[in-house]
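The letters A, B, C and D name the chains in turn, as written, and every chain counts its residues from 1.
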Amino acid sequence: MPSRNEVELHNSHKDCWVVIHNKAYNLTEFAKEHPGGSKIIYKFAGKDATNEFSKFHPPDMMDRFLKKEFHLGSTETIQPNSCKTRMEAIPRPPLSSILNTFDFESIAKEVLSPDAWAYYSSGSGDEITLQENHQAFNRIFMKPRVLVNVKKVDTSVELLGTASALPIYITATALGKLGHPEGEVVLTRAAGTRGIIQMIPTLASCSIDEMVAAKLPQQAQWFQLYVNPNRNLTIDIIQKAEKLGVKALVVTIDAPQLGRREKDMRVKFENDAPDVQATESLSRNEGAARAIAHFIDPSLSWDDLKWIKACSNLPLILKGIQCGEDAVLAAQAGIEAIIISNHGGRQLDTSRSAVEVLQEVTQALKHSKLENALEIYIDGGIRRGTDIFKALALGAKAVGLGRPFLYAMSSYGQRGVEHLIVIGLNDRIYCAKSLKLP
Amino acid sequence: MPSRNEVELHNSHKDCWVVIHNKAYNLTEFAKEHPGGSKIIYKFAGKDATNEFSKFHPPDMMDRFLKKEFHLGSTETIQPNSCKTRMEAIPRPPLSSILNTFDFESIAKEVLSPDAWAYYSSGSGDEITLQENHQAFNRIFMKPRVLVNVKKVDTSVELLGTASALPIYITATALGKLGHPEGEVVLTRAAGTRGIIQMIPTLASCSIDEMVAAKLPQQAQWFQLYVNPNRNLTIDIIQKAEKLGVKALVVTIDAPQLGRREKDMRVKFENDAPDVQATESLSRNEGAARAIAHFIDPSLSWDDLKWIKACSNLPLILKGIQCGEDAVLAAQAGIEAIIISNHGGRQLDTSRSAVEVLQEVTQALKHSKLENALEIYIDGGIRRGTDIFKALALGAKAVGLGRPFLYAMSSYGQRGVEHLIVIGLNDRIYCAKSLKLP
Amino acid sequence: MPSRNEVELHNSHKDCWVVIHNKAYNLTEFAKEHPGGSKIIYKFAGKDATNEFSKFHPPDMMDRFLKKEFHLGSTETIQPNSCKTRMEAIPRPPLSSILNTFDFESIAKEVLSPDAWAYYSSGSGDEITLQENHQAFNRIFMKPRVLVNVKKVDTSVELLGTASALPIYITATALGKLGHPEGEVVLTRAAGTRGIIQMIPTLASCSIDEMVAAKLPQQAQWFQLYVNPNRNLTIDIIQKAEKLGVKALVVTIDAPQLGRREKDMRVKFENDAPDVQATESLSRNEGAARAIAHFIDPSLSWDDLKWIKACSNLPLILKGIQCGEDAVLAAQAGIEAIIISNHGGRQLDTSRSAVEVLQEVTQALKHSKLENALEIYIDGGIRRGTDIFKALALGAKAVGLGRPFLYAMSSYGQRGVEHLIVIGLNDRIYCAKSLKLP
Amino acid sequence: MPSRNEVELHNSHKDCWVVIHNKAYNLTEFAKEHPGGSKIIYKFAGKDATNEFSKFHPPDMMDRFLKKEFHLGSTETIQPNSCKTRMEAIPRPPLSSILNTFDFESIAKEVLSPDAWAYYSSGSGDEITLQENHQAFNRIFMKPRVLVNVKKVDTSVELLGTASALPIYITATALGKLGHPEGEVVLTRAAGTRGIIQMIPTLASCSIDEMVAAKLPQQAQWFQLYVNPNRNLTIDIIQKAEKLGVKALVVTIDAPQLGRREKDMRVKFENDAPDVQATESLSRNEGAARAIAHFIDPSLSWDDLKWIKACSNLPLILKGIQCGEDAVLAAQAGIEAIIISNHGGRQLDTSRSAVEVLQEVTQALKHSKLENALEIYIDGGIRRGTDIFKALALGAKAVGLGRPFLYAMSSYGQRGVEHLIVIGLNDRIYCAKSLKLP
């Protein structure tokens, strides 16, 4: 049980102790592999990092990912400072004047700190896939039928047996506290009032406990999982999620290595010191790619699905399917649902747009007589009610939105997220009325 | 028979009386459903709203749409002020320098008030269909034949048995007084001198009586109809139109719900107070979509065509056909003519361009051996003589123009509209001469 | 034989005499039909118009087109002023720095008066065909073969039996004095030194006599003809051209009515008075289209080719073929050569690019086994040596350039035109060497 | 053995002696054929040109290309000045902040002198092929498979039996000293530390001896050859290269005549005097095209490959194949490898992109059952790890990069080149991991 005075003595790169939430940790080894870079950790060598740490990570992060041998025990208790919110400091138009997702985006760009904007908005490489995701929808044209009674339209849907007011869900996005001081629980609350499902991310800034605690009694959540090289950690978290009552398990399979989001890397670089030696940076570049492998296992393969299924009764959803062949494999493996996704253009650039893949997937499944074997969801570039309509018309059962929810949350908090869902709803009803599709 | 003094006492949201054209009305209930928003009505609670009202609506609006129970009777007579015209206050180049429809558009943008410009020019969503309507013509290339005698060319045509000097008509567009203080009668007069047909809109700022009164003896008009949830109102107006001598009935079928024209919504929002509470606006957004349902029936279906046909002897035209299948249904239903139209890109965004649909329609009719069953018209994006020519070459019998006439009227009044028709004429003769097509 | 004093008395719209090259004419009737507008003629009512007239028309224009009854006889002789050249007043980079046709274009834009630039550069309508003409070449990609001996390349060619140093000719373009005070003889001289053919335009600013006089002994010329409604005028000019030794007759068939070149119209409008009455302009607009019919016969048809052929022994070339069907008709009519051309995008906008038509034409001729029946030339948008190469590879025997020669002439005179031909030559040799094609 | 004083007397166009590396030469005849223009040579008539000469050419250039009769013998020895490096004078961001090839490009644009930038960056004509080379990659979309174990990835490859750490090589680019005072040896050293192959250019600024001397013991090099009209010179250089230990001979076959790179010509023109007479320039333009024929033989054909093969035991690579047919011819001629290349868009503009040709080539070879007859490499527009991946997936065994290496060398020297290779490596590993391809 080290005292804070003692911690202060371990304040170098070679001997780096840090206090977080009144506990001390030896981060000397870990710092080199920290996905956020070693710099930020060395900055707090010998100090209390709780405030900074809380901006990005939930309190249980250490328990889940840091090897036990580096936990040094409790120190004297100190209250953390409360975070200020940028959102409120910046003049924003009244929420009622926000007509669509692009409005939220342009306000979020003002409200967010440069690094948050870079992290949220960036895609990999030249951002060709990022652009394509939405543009591909604009190239799909409608064929409205007329003189059809569209007085009543029901927009509710059942996803893996769970009711949702709309065929929309909030997909998993990491580091919610970059955008809002309260983090992902803001999304939880808005999903609750509007009756849609939230997908809880592994790398959330809030802990899964916090997000489950913030939900309404009847509200449904899914849990998104990155499979850890240490299988035990993964089994623990799956079982915890099941106990907490989530309705499905989403395994993200499109990130055996994190994408190079250069916009984000540039901001990180600028925030880092200008004294960085060129030679050091070579290894640092390589390092970034390597480090994440401690959190996401690049050896994950179809075989692993078996033990994943074995350790809980939750239905399994695969997130990141990008071709017809893999959709067929998923169906044959007995998976309950797939999400067609390229991770919002954040992984492999020049991958095809999600909606283009959707068309290949439905055909491939049909061709293998597996069209009823699983439910199909899709995310990436959905920005308009018409996009939702097109995805459904082409065979998806529901659609996930990522950045639009982050932007709404960052610029107006819970009210913003609720408003976004209403806009989606409006547009959607409008589509349905005009086109008469479930 | 309330006095003006008495009206003044009913000046709140909860008790809202208004005087229009020397008659008093209780608009407390109606205000909530007013398509133009409740704000504008509350502004005149307890006051005389005639001037403002006349800018948008014909005198008979109340009789046609307001429930009898809210008519409170006549008050003391007062003369309304005369409207000033923006057009004359703004320096405009001589009409003779206007060479094409785009010239009119750019002057109208200057001359029109911001809200009129927003209302006229806007399309729904990202205005993709609005752009496509005209762009699609630019992608159709010509194949001129040579050494053909084109000394004489006849550009006249017969539409449902009515002669027209050109294969062009003025389509229905609402709220003409936004652009010109005299409203749609300006279009009536120009159509008369140039010998083409005007389509009278349900939602005109002038009354149908005024527009019929403004026509020349031999001049032909059609009447455009939005079918009201209250069928009796619709039957009344049809029979009135027939008695007034219109030559055909046009039922608009592409607006079961009004499109979200965001450019227009933004201007309206800015004109409204900045004190609007965000929460209120949620409902207001939803409200706008709901309210119009009191004027346009979203349950209208193919069956309704029977009673519509039954209540008059006028030929029936369906406006808003957008695919081959519905064109075939229309022909089978015994409809005399269809208008291929996406409402000028104001309804469902990413609908296909009108001219693309035209090609599908002629093929579908031919395939069903119905190519002679009805006449085909088209509107949307027609801006050049070559566009007219292409539409005719692809099977249309005539084309409608919307915005170009509004812009010509708003910037130069009757002379402008006449000039526009001449330009169309010139271009068209030119085309005909070069290409020799009827 | 009227005196200049007498002429001065006829100085109104209703009685309008003018002196040109020391002869008096009564232009009262003609003014109304003048293709360049009546304004410019009225400006010289009662005056000597020689200077202004010479800027646009050759001295023999009156003899060729004005009815004999309006020739009033000679007046006292006066020397005309000499024109100054804008070219020399404006600083230009050394000719050797001009690397391609675009360089000439950008300098010509500076050197030319605004109305000359407008007349030369404009296309009809939205200038879509004008753009397409060149862009279409950029979409055709090359397939270079390697390891082929290209040490020696012969770029000469025989066109209708006449030798040309290159497969390039100078096509007919009207009003050369707008660009250079000496007019088209500048082109004649450069064509001579470089050994290529010049096509003499009907509507040249120089007379055909002047252009023939300016040529070298062995130099070959073609004569471009607009067929006049008065057949006798046309027969006269054909026989004159034959006597003067031109090698072929080119009948332009793509202008039954002149295209609406709005850029040009705008400049003309601004140069005209600002006091133009709007109503007058209506008729003026219509007038312009009508007036030209006095010079170019819109009734010209395939039958006319017979008497045209009958009145001389010259080979006949049709300029303005725009589809495969008409190419076949031309071959069947015994025509010696055709020019695929859309008049440089100055006639019907959204016509297809010349090179796209070329591909249709060669296929159609082949299909009718007429591929050897006539020679194929092409003009429109040729700006690079690779464009020339592509046209030849696709079946053309030679290519015509219009604007590039006007721009070279206007910016550097004869030297400029010669330099342009060298650039074409260089590029062409380069192509030939790389690709080995005749 | 002339003295420097004597040389000074021969200082005119008609009698032009020059001292280079302490030897005197009579350049009177040669100046007229100098590919870089005669101006630059006349500038040094009667003087010591060593400094300027060294910026572009290796010391042995004279021995290799200047006729013996013009070698005048040694003069007094003088040390040349040392070149300063622009690179160090200009502030550059730390190398670690360079994330991709485009970053190098934008810094090189600042660091390079205008003429170096023009020479390196330019393409021929309108640079359509230059653009296409890279753009074509962006139009090829990926189809990532999921749940495949990608923990270990091997990126090494064997090219004609020589091991390479990556499927990337440094292609031949002339005039390295324009970018870096030490020239191509910088590339040699970086290729060595990173284990990839360097292709030594005929027209390098360093001599082949220097480049071979700079390599590590085990490091492999190829030698790129332009075949000289004087076959003996070519045989000498081939045999010298073989003796020096290069692993393969690359014959460039896409330059029977050098492309017109207008950006480059403009800069050269501006650097030349403004007093150039227009007439002189005509011939100069023609001259440039002619002069190069003294260095690169435009008569080179398939037959020549026989004696080229005969004079050494090195495997033969043809650089510049641009269609399937020629690839088949190469395979039938017993060539060991081909490089699909359009010379980086510097030769014939509107040639197809390299990667488009690649697809034709693999099909043509397969169709002729020659797919295993030779190795296929490709260069042109490769800028991203994904481009490399796509080229390999489409059948290439390795890819060459040209400009990116020049830019990296010019902006950061050897460290820059090494960093570039790492970036390629990173991206590539990333691709491989995501997509699992060798």
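We take it that a residue touches a chain if its C-beta (ideal position, glycine included) is under 8 Å from a C-beta of that chain, and two chains touch if they have at least 3 such contacts.
Predicted model, so just to flag it, every value in this text is computed and none were measured.
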Check your understanding: In this assembly, which chains make contact with chain A and also with chain B?
Key -> none
Check your understanding: What are the chains that chain C and chain D both touch?
Key -> none
Review point. Taking all residue numbers at the chain B/chain C interface, are over half used by both copies (same) or under half (different)?
Key: different
Practice item. Would you kindly give the rotation angle relating chain A to chain D, two copies of one sequence, based on a CA superposition and rounded to a multiple of 5 degrees? Key: 90
Check your understanding: Measuring centre to centre, with centres taken as mean CA positions, what chain is farthest from chain A?
Key -> C
Exercise for review: Find the geometric centre of each of chain B and chain C from their Cα atoms only, then give the gap between the two centres in Å, rounded to an integer.
Suggested key: 46
Revision key, fill the gap. Distance in whole angstrom between the CA centres of chain B and chain D is 66
Point to revise | In contact (per the touch rule at the top): chain pairs | key: A-B, A-D, B-C, C-D
Revision key, fill the gap. The residues of chain B that touch chain A in their complex are 125-126, 128, 253-254, 256-257, 259-260, 262, 265-266, 269, 274, 276-282, 284-286, 289, 297-302, 304-305, 318, 320-323, 325-326, 329, 342, 347-352
Point to revise | Residue ranges of chain C touching chain D (in the complex, touch as defined) | key: 94-97, 99-100, 137-138, 140-151, 384, 386, 412, 415, 418-419, 422-423, 426-427, 429-431, 433-435
